[in-house]
Amino acid sequence: MNSTKIGTPVIVLNVKSYAESMGRRGFELAKVCEDVATKQGVNIAICPQQVELAKIASAVNIPCFAQHVDALEPGSHTGFVTLESVREAGATGTLVNHSEHRLRIADIDFIVRRASALNLLTIVCTNNIAVSRAVAELKPYSIAVEPPELIGSGRAVSKVDPEIVSKTVEEVKAVYSDCVVLCGAGITNGEDVRAAINLGADGVLLASGVVKAKDQRAALLDLVTGL
Amino acid sequence: MNSTKIGTPVIVLNVKSYAESMGRRGFELAKVCEDVATKQGVNIAICPQQVELAKIASAVNIPCFAQHVDALEPGSHTGFVTLESVREAGATGTLVNHSEHRLRIADIDFIVRRASALNLLTIVCTNNIAVSRAVAELKPYSIAVEPPELIGSGRAVSKVDPEIVSKTVEEVKAVYSDCVVLCGAGITNGEDVRAAINLGADGVLLASGVVKAKDQRAALLDLVTGL
Amino acid sequence: MNSTKIGTPVIVLNVKSYAESMGRRGFELAKVCEDVATKQGVNIAICPQQVELAKIASAVNIPCFAQHVDALEPGSHTGFVTLESVREAGATGTLVNHSEHRLRIADIDFIVRRASALNLLTIVCTNNIAVSRAVAELKPYSIAVEPPELIGSGRAVSKVDPEIVSKTVEEVKAVYSDCVVLCGAGITNGEDVRAAINLGADGVLLASGVVKAKDQRAALLDLVTGL
Amino acid sequence: MNSTKIGTPVIVLNVKSYAESMGRRGFELAKVCEDVATKQGVNIAICPQQVELAKIASAVNIPCFAQHVDALEPGSHTGFVTLESVREAGATGTLVNHSEHRLRIADIDFIVRRASALNLLTIVCTNNIAVSRAVAELKPYSIAVEPPELIGSGRAVSKVDPEIVSKTVEEVKAVYSDCVVLCGAGITNGEDVRAAINLGADGVLLASGVVKAKDQRAALLDLVTGL
């Protein structure tokens, strides 16, 4: 579904390009997210694998985000993903500048502006407080701070490095008060989520904590207890 | 549909990231391709926009190719496209190294090998005869030679530069006789296709000639008269 | 020469990779800059071609800047340029994120921090006011705003688009008051320089206006009349 | 010095961007190479750090190679390195496609052709036999095969994986008989060099074995015993 904002507090699930989130398994995972969101009355957004975006966005009733877009207008750009194609696919927005897919600053500026004009939401990932402040000057919908050394570590940023969360919230909102601030890296359970919310975050961004879980639904149900 | 080969002679339609091939229009264009292929009894393959791949591949009964894949195994690679995800999406294979999305040689080698192990077909684009010979050493399913200066020009490679077509066919098959050799750049009508086939090509790769046509079905019907 | 700051107002000459600034001609151009700077008592800095940096930096007594560095520490990085190697070469600092060589935001942050620790000066190029504000949050030594559409155009930013200059000065200094603010794009004569200084800029960044001039010394002598 | 070929058997020393090969230490290392080459009557070529290329190439009388060039003609390309600038710097040629700096196949083709027209020598690095065959079709001056997993390992390719050396020599020469074939990865002493020569290689490419040695001259003297 397209939308001009997402409800908070929110759990944003980036399924990356894991084997556990491809094809049928990716589709079912999206359905689990929708089911948990509906039944528990909580906000969950999902970022499907790129080639599944249109298929999943048209099948579930929760916000879907692309994992990445290129800083290009529609045209002769073979194999690149435009914001326009993401919107047509039925997505609500896109992740931007994930630590595994960093972008040039002029391209982040292009994407944030154009997304805004297209009513698409941008969640721009950052690696520290200084970069978060810098990105805030570009006025994206949301900033998700993720210390690279904690990503996929199982050690939650909200517990291991609480200051980066509270400081990012404070400094980003000082620059751009409307910004939705998320944190990520190592988030795996409801306690980690609650810690993030208590530090002032509007939600969390996570991946392996759910995708790689033996029981993805159980992992998600545990996470939402922290909202 | 997945398949271990595609019928030849073939028209491969790369829809790029044009506005005319996004979302609903991309879906309808794929349906037109399927319809023409079936009714005329000819071989047409389509390369949908990346975010539409799973949706379209599950809805049409002609070979679908990704426009690009990254040289990565499934894992924590946000926003990248793996061969495995392309296969799960129901695609037959992928374009590789399009002139708008050039790849490093070690990555072409990785993709061709891994695709082969996964029963996915690779169509590797090249820009001249020397590069075509070089790529042939890697034994991809198919090579599509496209002189960059003619891409999108409306001046058909098979008529403007026939020697590059015949020479590529000859030299590629000297290195790897099983290789399916396509040509592309500027192809817009049945006469261009016929010229390509007469020069020894197994088919053509094209984009704007159909996608940007006022009447896409009519353009396609004209093209297939050359097969 | 290494230095912890450069005198202002300043003309920074980026010689790019033009044929007119390679090898012996690049060396002589650097000597002309040094000569004009000394005789006229003005501040000129030069950015030689990368492979000439050590040779020129050890031969002239004006500040030399690398045109680009990579966001890497010394190590097994074949063909990349580290800040440490630039310092050892005798340079004063480096351009960062030139419009022809854009960088990822996390890499700009890395380079600015590390340069500061090494007493190297960074001149970070930006393309508009929003990006200039964003970069100012990273506290580089200098920001050089250059509207891409005017680069190499011969139409001076300080005359064609004065507001981008005055606004960038104002907004960058609001974020980081110590920042040296330059402007560039289309600067070719003393009048263009004077206009820039009058708009509040601490100097200009230019390339073709001198490098491509029939008489490089005359072009430079004209430019410095604006300081 | 510029030259249209290098003597074989040869040791090519890539100093990478190590701290031990920057600035004054890089200059002295080049002088040691020259001294050993002259006194022992053997062929040694050196690839200095990029910013030192002109300085070192004008100071030593052995072949100097750039570590990398970009696939660009002279022009407005800030911070990029052209073949022309490398030639003006006094270099004999350039490494191409090192495993730490992989290039797109169309760019390797561009660089090999243009270097040839400029009388510059190209040493194209490859990672396996198939890629070596592919590159041989482009007719570079030299191919250096280096299995990535052995680079910097201290385990010499010529002893750990002799077949990749002998097979690469055989297959490359079958495609392009004039090609100078080197091998690299893990080479540290004269015995490793001798093993390479006995397998048919025309020389070796190495880096850490000398650069990181406690006594660089002693390491080099040991290596040349294998020629």
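Per-chain numbering from 1; labels A, B, C and D assigned in written order.
The working rule: contacts are C-beta pairs under 8 Å (C-beta built on N, C-alpha and C of every residue); 3 or more make two chains touch, one makes a residue touch a chain.
All figures in this text were calculated on a predicted structure; none of them were measured in a lab.
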Report task. List every chain that touches both chain B and chain D. Result -> none
Query raised in the report: With chain centres defined as C-alpha means, what is the inter-centre distance between chain A and chain D in Å?
Result: 44
Report summary line: Chain centres from averaged Cα atoms put chain C and chain D apart, in whole Å, by 33
Query raised in the report: Which chain D residues touch at least two other chains?
Result: 99
Report summary line: The chain pairs that touch are A-B, A-C, B-D, C-D
**Report entry** Contact set on chain B toward chain D in their complex
**Finding:** 97, 99, 102-109, 126-128, 130-131, 133-139, 175
Report task. Mind listing the chain C positions that touch chain D in their complex? Result -> 14, 16-19, 22-24, 26, 47, 49-55, 58, 66-68, 72, 74-82, 84-86, 88-89, 91, 95, 98-101, 151-152, 207-208
